[in-house]
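What follows is chain A paired twice: with chain B in the first complex and chain C in the second.
This part shows the complex of A and B:
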């Protein structure tokens, strides 16, 4: 079973707030989902390693300079910007 | 006359029975009439559509040849990026996001003057089986609007089933093309992983996601698949279609084709669905196919394996939504960390947050080996089980969903129960295989039942050939009361 404390810890890792009135229902839902996920631990481990689908290998290419997107266009979707940059509150004090 | 709707419309355009503008106007009018009921579209683009239609008409007037998809009115699921057209993933967090580039699939279709009618509804970030996790409310089933269209590509299925688009592209991570196609009584294919470029598809679970067509008939699926299955250097997992166009072999005889039935797929499904699939088996026998039965015990782990892997990948992919570069941004915050947390907590819906939390949990220190690593090993076991199965048969026949479309509001109450509805569709994604859902009957209330044909990697031609032969013999498509009348 998963505890409220564990849910709070995972929420911090996920950068999500869990409100006080949400925690009981969320702990219950997550408990059910995790015990459902737990059923895989009934399976015998046949030691089959999974690497990737359809034998894909790394896709390499020459490192060539190609045109990129216009800075102004990229910034159009940002809520706050300044002088061609994304704007955030200062991170270091 | 051809069963292919795309082919029929193409011929009418070429013969000038009607212009592309007239055709497009009919669909725009049908959207205006029916979308308030079906809630299939979240963004409608009539100017773009008519602009393209005029280009096609000019080409036809000038006596130029047009391709099959040229001038055909269609739609895209709202997680496929469209340059200059809002793409929301049906999430508050991307409500006002407008991409500055096209997804490769749309680039291909746009180059062929495909008439984009608009962007269609989906479960938020493609997470759900009813479309009801959409920030804009769920899409409705054109066979009975008291039922859901299915999910996550519910909007595309509702639009195509309701004939307010000729065809559409959806995405399928655990059944999101096949399940709504089944619920709406139409055809939907999830191609082999890597056959269709994912560039510009807003990611949910990158090792499972794949874009594919949703159409009213098998030939249209083949036509659209042939067009979009191209190698793309912008997607490092892209391989493109292998072999000839699937349309070349679509109508081949299937005498002697080996159709496999894994018994596990028929366990625990609703009686009427099982009977419909058994009737399809008889149709195949009458067509001279050989039916091969076998067991695949590892299938019972497919669903938890899917949810562990999908959520793990989602928790990483959705880390990018921080309010800084695009999308919704919370107001009133203390510092950057507080802003990111408030943005994500307000911007994401309940199901998305649950899946991020589950994904973070299975990847976190102390749980990684028990969940994520174990799930990846079992993924290997399931891949091998399918490899073995395809030594004994050409295609596997299974139900698409263990039931028919749920009534509105039914899916939201119990998350685990809702996850169980994906039991027949997830194995295909886990193994990167192609799967197509084809209508195969109706339940007592008149809601469609779908069956699924699964092939080995890059064997789309085989499953579509088998699907086309079934459809030709026992077509179970029924037009709804909605949409454009041509």
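This part shows the complex of A and C:
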């Protein structure tokens, strides 16, 4: 099961603010999600390669340059921009 | 108590492919911000990465050149962390199935630095921090990297320096990277711990991130070693942390609390299919690898009979070695070309990067022609040397600078005359010589050389002058 401490740790790593009165409910919900996901452990998996079920390999691209996008297009969806760059809030503390 | 340094390296090397690892944007260094970008490398939703074949090839080359085993099956994983230099909030890297494993690089003291793994991954974008905000340029985002991870096998700063230099030379020889540390195409993270000498147990380690010069690496390691020894001596503990080295103050300082491996939540990238590497492909790459600097150096010594110091200078850069091999081809003595290159041609290339490029005004073919003239006795060593200087200056061929009349040295009677004149015109040198100053004869040889415009055989002239003085 999931502990409250684990929920808080994940919240900090995800940069999410979790209010005190939300912790119990979140812990319960996360526990249920994880135990649901755990059902896959009961499946018969002998000899089954789960991480390559489509059996594909080596979809490569040749090393040939294609012109990049115009900068206006690249920055079009940026929330903020300056000097041809994406502008974000200062992340250095 | 005596302490031992224990260090391991993680080196990021930017591969010199034309395009990025998962899209067809150029990898060219610099450029206006965000002009080498497309929806894939800025991580827009709905895009799909497609792996550059050359990246796999180059990583295998690097693996083979460092004695690694090449995986038959490999895959890409997502390494999750939230920072604006990664537009997707994850870096596509390799976790548990890297392309290359279990290699080594041998050091000159006989020790081997084991290479744990080499994996491929994408580089992050560049951040410029300003007061209050941060500018993000994704030109570098998605440029292919290999990360070369060693075991904690380093026991001294000198070993670390030699390793970085060797690694740099090998990567350049096999053509997978220019390894320009100042441009960031080669960057080192160093894990350092100390332990009482003789102890088997590893001490708590710190990691110094992102160093881009061999001098800084050496200084940072020295500083960090004494800092840790001081801590232990004064009864304190070394804290496991990530450090930044400041080259101005020559100190290290903490960056951030290190997240454990689990916190990166590695999982397979479902957008990229498995990489399978047929053994025949590995063989093909092995065949195409050039002779590596270490093997070349040994061959120059054992087969060509060059002194080791010459062999080291000639093999350090691939272009110098190629030049030497062309220039000495078919000549009588392998040492002749080596002497010309080390003695005269190296004077025209000063910096390390100039040696790396080795764009000299005398082509290897032209030097070879000069040596052939020397070997066949058409010209003497003095003339060859002065001609080479002129060739370096003018870029002309030896045959353009040496006239027919210069060749074949001097007629014996002309040489006799010149020697006689030398004695007559230098009474002071003659008396000095008679008084026992053997070096005085050099002045008279100089006279002969000057008046024969370098055509005379200096050794023969010296012999004749001494004879004349003795018989007088």
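Methods note: the second predicted complex is superposed on the first by the 75 of 93 C-alpha atoms of A that agree within 3 Å, B and C clash if a C-alpha of one lies under 4 Å from a C-alpha of the other, contacts with A are read in each partner's own complex, and residues count from 1 in each chain.
In this text, a residue touches a chain if its C-beta (ideal position, glycine included) is under 8 Å from a C-beta of that chain, and two chains touch if they have at least 3 such contacts.
Since this is a predicted model, take the numbers as computed values, not measurements.
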Contact-wise, after the overlay, does A:15 reach chain B, chain C, both or neither (first, second, both, neither)?
both
First (chain B), second (chain C), both or neither touched by A:74
both
Of the two partners chain B and chain C, indicate the one touching more residues belonging to chain A.
B
In the overlaid three-chain picture, which partner chain does A:23 touch, first (chain B) or second (chain C), both, or neither?
neither
Check whether A:56 is in contact with chain B, with chain C, with both or with neither, and answer first, second, both or neither.
both
Pick one for A:32: touches chain B only (first), chain C only (second), both, or neither.
first
Should A:66 be classified as contacting the first partner (chain B), the second (chain C), both, or neither?
second
One more residue to check, A:85. First (chain B), second (chain C), both or neither?
second
On chain A, the footprints of chain B and chain C overlap at residues 13-15, 52, 54, 56, 58-59, 61, 69, 74, 77, 86, 88-89, 91
Tell me, which parts of chain C touch chain A in their complex?
17-19, 24-26, 32-39, 42, 44, 50-54, 56, 75, 82-84, 127-138, 259, 263, 268, 272-276
Considering the complex alone, what residue numbers of chain A touch chain B?
2, 6-7, 10-11, 13-17, 26, 29-30, 32-34, 36-41, 43, 45-50, 52-54, 56, 58-59, 61, 69-70, 73-74, 76-80, 86, 88-89, 91
Residue ranges of chain B in contact with chain A within the complex:
97-98, 100-101, 192-194, 207, 233, 236-237, 239, 298, 301, 304-305, 307-308, 315, 319, 322-327, 329, 333, 335-337, 339-342, 344-345, 348, 353-354, 356-358, 360-362, 364, 370-371, 374-381, 383-384, 415-416, 419, 431-432, 457-458
Using the touch definition from the top, list the residues of chain A that touch chain C in their complex.
13-15, 51-52, 54, 56-66, 68-69, 71, 74-75, 77, 82-92
